[in-house]
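The structures come next, written out as structure tokens.
Here chain A shows up in two complexes: once beside chain B, once beside chain C.
Presenting the complex of A and B:
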């Protein structure tokens, strides 16, 4: 595995060159917090942030995305015909993405790139994207990535992993895309691999030791779905929930969307927008019946999907990477770690369980 | 305020033991610094989980809407005013609830406090007048009054306006506050400046509807934003749609909003949408001498008609 050394002195110059090849996205400070934004020439990624307020999922999967346009003007030959809109799938790179957020793309891919169905919008954007991760040296107290299938140095979902090493970054090359990114920036000084890997391993362990929150997921698969579904703890878990969409919208692994046509005059577009299982409208039938008619139904659905249905369907762990955003941003402090504990330790017909 | 908890537990246990209520709604300790979670107790034992400190900013009246049990509920000044509004609007019956009044000196603004430090806050310790914030490599003691939620700093109804029990004696109300400095600043802007101001204010909105759902007033079975036949508002990120949601929601709260701050507190991206509701609150005060939620026996201004109305257009 190739490791390239980037002197921080050369960072700005390399970024400048990258603009010629890529559209660059990176953490940028806005008001009181950071978010991923497209940066312009002259701007630099702000790698000082703990993590961004919102996940970077919107770079590949925008909150609101137009798919087709059409005309309703019957004088036009092609009226009422859906036409693809032009898309920019030129190369883009996300600099400073956390390993957890990158891992989330792998989980989301299971949905958008399945044997039965391939989502062209998501896949084209994903293919166009180079994920340049930054190893996480200061995990938050609400981060639980190491028990959610990744970790602060988890490299597998990335193209390149940057490791802060004082006056320089070490860039661990994971894929050909990562290699191309380094070449475009002119960062080519390879370091002696074995020594660097050993040092990286030490830093990795130190970072992992800083993780102070954990979930247990070992029993989720074997517990009967119906036992979990009818468990008594859902009343306690869901009581405080206000059914806003915050948890689902800040989550890097939530992938649900709704399709809408919007007309203006005799022109229109067909778009898809993020949707949330927390909203009653998400499941409202045309008949007026709503199979998830109560707040308890909806809260249960979110956790059952992430921690049971997904686990059973894909055998790829939980649908969560432990980034902790839903915990930090829930207005009423519903904590997925607590809920996961209830679920994983659930015994059929027991009323409550220890966390 | 920290000393309230013993009395809160004592009253809650008594109400449950005597069967006066089926449940008491309060707070349990949160899993993060500066966060507590709304929680219910159906038994005297469950009351032991209750806490009270300066992190109880969520408006508990939101948890009363259309419930059918007999409920004991902890109520700060703002919560109590929303309970009054709920009674007026038939969302809960007065004889169905036992209001446990909690005089309130204000809740701390966790976003403001977090923004004061570069690193993550690990622990916040509170006494009557100060909080001590600790994290890796920093520790600082701050006066609570300097880091209150803005609505709390400007609050003029700290004591519950309606109650069946009180956990402590009433505290002194603030009289020397100017509630509307920020509203007047916006009023003074030109229409174009206002438009730009609102555009910038709402730009980060992700339409999670936390503001709406945290609000006790927003109990419509189907919110206008969720109506699909006809659909009034687009679902995308178009600024017109985003603004329509915020403006209309604010208007639906006119004459009802108590400025409890639940909307702003719940916003994941830090939008102060209270500027809208405060403007309407100010209008109601100036035009009708009205403050919401003070008396369950008085109908609100947008629900009444007076032949002597000074405005010509209505006659």
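Presenting the complex of A and C:
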């Protein structure tokens, strides 16, 4: 595995060159937190943040996106016929993405890239994207990535992993896209691999040792769906949830969406917008019947999806990378680590939930 | 990359009011690009998203049969935003059809068997498709006895009346039409709820028989024990489910019952399969 050394002195210059090839996205400070934004020439990625408040998922999967356009004017040719819209799928790079957020794209891909159907919007954007990760040296207290199929130095889902090494970065090349990114920036000084890899291994272990939160997921597969579904703990778990949807919006692995037609005068667009299983409208039938009509149903759906249905469907672990955002931002302190614990240690009993 | 969200453009060719309350209309569409008809190759039991440009899409079971060529047909209940707008549209209007979506009835499992079809209310659409398909001269010999139990509140609420009467006259299909009640003194058919008529008229189950059940939840609830008693095992009871849908291709995340998506893994399931899920429908 090739490792390239980037002197921090050369950082600004390289970024400048990258603008010629890529649209660049990076953490930017907003008020007292950071978020991923497209940066402009002259701006630099702010790599000082632990992680961004919102996940970077919107770079590939915008919160609101035009799918088609149409005309409702009967005098126009092709009126009422949906037309594809032009999209910018030119190369883009995300600099400073954390390994967990990159891994989340791999999980979400399972949904959008199925053997039967391909979602062209998600896949085209994903293909156009180079993920330049930054290894975590001091993870937050709410991170539990190492037991959620990932870790502070997890490289597999990235194209390039940057490791802070004092007055330089080491860039571990993972894919051809990563290699091309380095070339575009003019960062080409390879370091002696074996020595660097050894040092990286030491740093990696030190970072992993700082992780203080864990989940156990080993039993999730074998416990029967309906035993988990009727478990009594859902009443306590869901009791305080206000169905605000924050957890799903900030989560890098949540992908649910709605489709809506929006008209202005005689023209319009078919849009897709993020949606959330936390909202009653998500499943409301036209007849008024709602199969997930209570807050308990909806909280249970979120956790059952992430920790049971996904696990059973894909055999690719849980649908969570342990970024901790939903834990940090839930207004009533609902904690997926605790719920995962309940689920993983559940024993079917006569004591079941009423709903 | 094929865009699975892009509907085929269609023209409304014909609109028929089906029921006395005028809440159900049958729409016949023709494809604006003739080659799209071939791409829209479907089997009985599948559904499609009807795309009303500027309003949105609704999932509707395909009521025409694959053996009927030159058009596709859907029967739509007037419910909310999109279906009400569609009811106000007229012949000649342009819209879209996206599909076919979902699985179909398990035709491989059903061939060589006695088939009993049980339908209630307006959930008879894909059952019509199935009956037309089975009665087609090329297919009829593939099935043994065919029984149909179909009920609605009143005679005027039964869908596809002319066809029902035609099937009544045939000797290769046993029709048991029923209504909850009627003040028509000339009503020649059954009076009673679907579960009761099933109990009286349905042939016993067994290795050789498959039941297909579509209807409102209350009908299904009371029909299930009857079929049980008649000897239909859960893997020989076939049902078509409904849930709110958007994408229809297993991506938007809303229509699941447990790990199964009603839109992609269904809408057709055996009762045995459904019993393994949390039944959130």
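The rule is simple: the second predicted complex is superposed on the first by the 349 of 355 C-alpha atoms of A that agree within 3 Å, B and C clash if a C-alpha of one lies under 4 Å from a C-alpha of the other, contacts with A are read in each partner's own complex, and residues count from 1 in each chain.
In this text, a contact is a pair of C-beta atoms (placed from the backbone, for glycine too) under 8 Å apart; a residue touches a chain by one contact, two chains touch by 3 or more.
Remember, predicted model here, so these are calculated numbers, not experimental data.
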Practice task
Look at where chain B and chain C land on chain A after superposing the complexes, then choose clash or fit.
Solution key: fit
Practice task
Please work out whether A:260 is in contact with chain B alone, chain C alone, both, or neither, and reply first, second, both or neither.
Solution key: both
Practice task
Would you please give the vertex angle at the Cα centre of chain A, with arms pointing to the Cα centres of chain B and chain C, as a multiple of 10°?
Solution key: 90
Exercise for the section: Would you sort A:268 into first (chain B), second (chain C), both or neither based on which partner it touches? Expected result: second
Exercise for the section: In the overlay, answer first, second, both or neither for which of chain B and chain C A:33 touches. Expected result: first
Exercise for the section: Have a look at where A:227 lands relative to chain B and chain C in the superposition and call it first, second, both or neither. Expected result: neither
Exercise for the section: Check whether A:12 is in contact with chain B, with chain C, with both or with neither, and answer first, second, both or neither. Expected result: neither
Handout entry: CA minimum distance (chain B, chain C), superposed complexes, angstrom
Key = 5
Handout entry: chain B and chain C contact sites that coincide on chain A, given as residue numbers
Key = 258, 260, 284
Problem - Residues of chain A defined as touching chain C within the complex - result: 67-68, 70, 72, 79-82, 84, 111-112, 114, 116-120, 123-124, 225-226, 229, 255-261, 263, 268, 270, 275, 277, 282-287, 289, 291-292, 297, 301, 304-305, 308-310, 312-313
Exercise for the section: Over in the complex, which chain B residues touch chain A? Could you list them? Expected result: 30-32, 35-40, 58, 62-63, 111, 114-115, 119-120, 122, 204, 206-210, 212-214, 222, 226, 228, 234-238, 265-266, 268-270
Fill in the blank from the handout: Contacts from chain A onto chain B in the complex sit at residues 30-33, 50, 53-54, 63-64, 138, 140-142, 239-240, 242-246, 249-250, 258, 260, 262, 271, 273, 276, 279-281, 284, 327-329, 331-335, 337-338
Practice task
Can you check the complex and tell me which residues of chain C touch chain A?
Solution key: 1-7, 9, 32, 51, 53-57, 79-80, 83, 93-96, 217, 242-244, 246-247, 249-259, 264, 276-278, 280-281
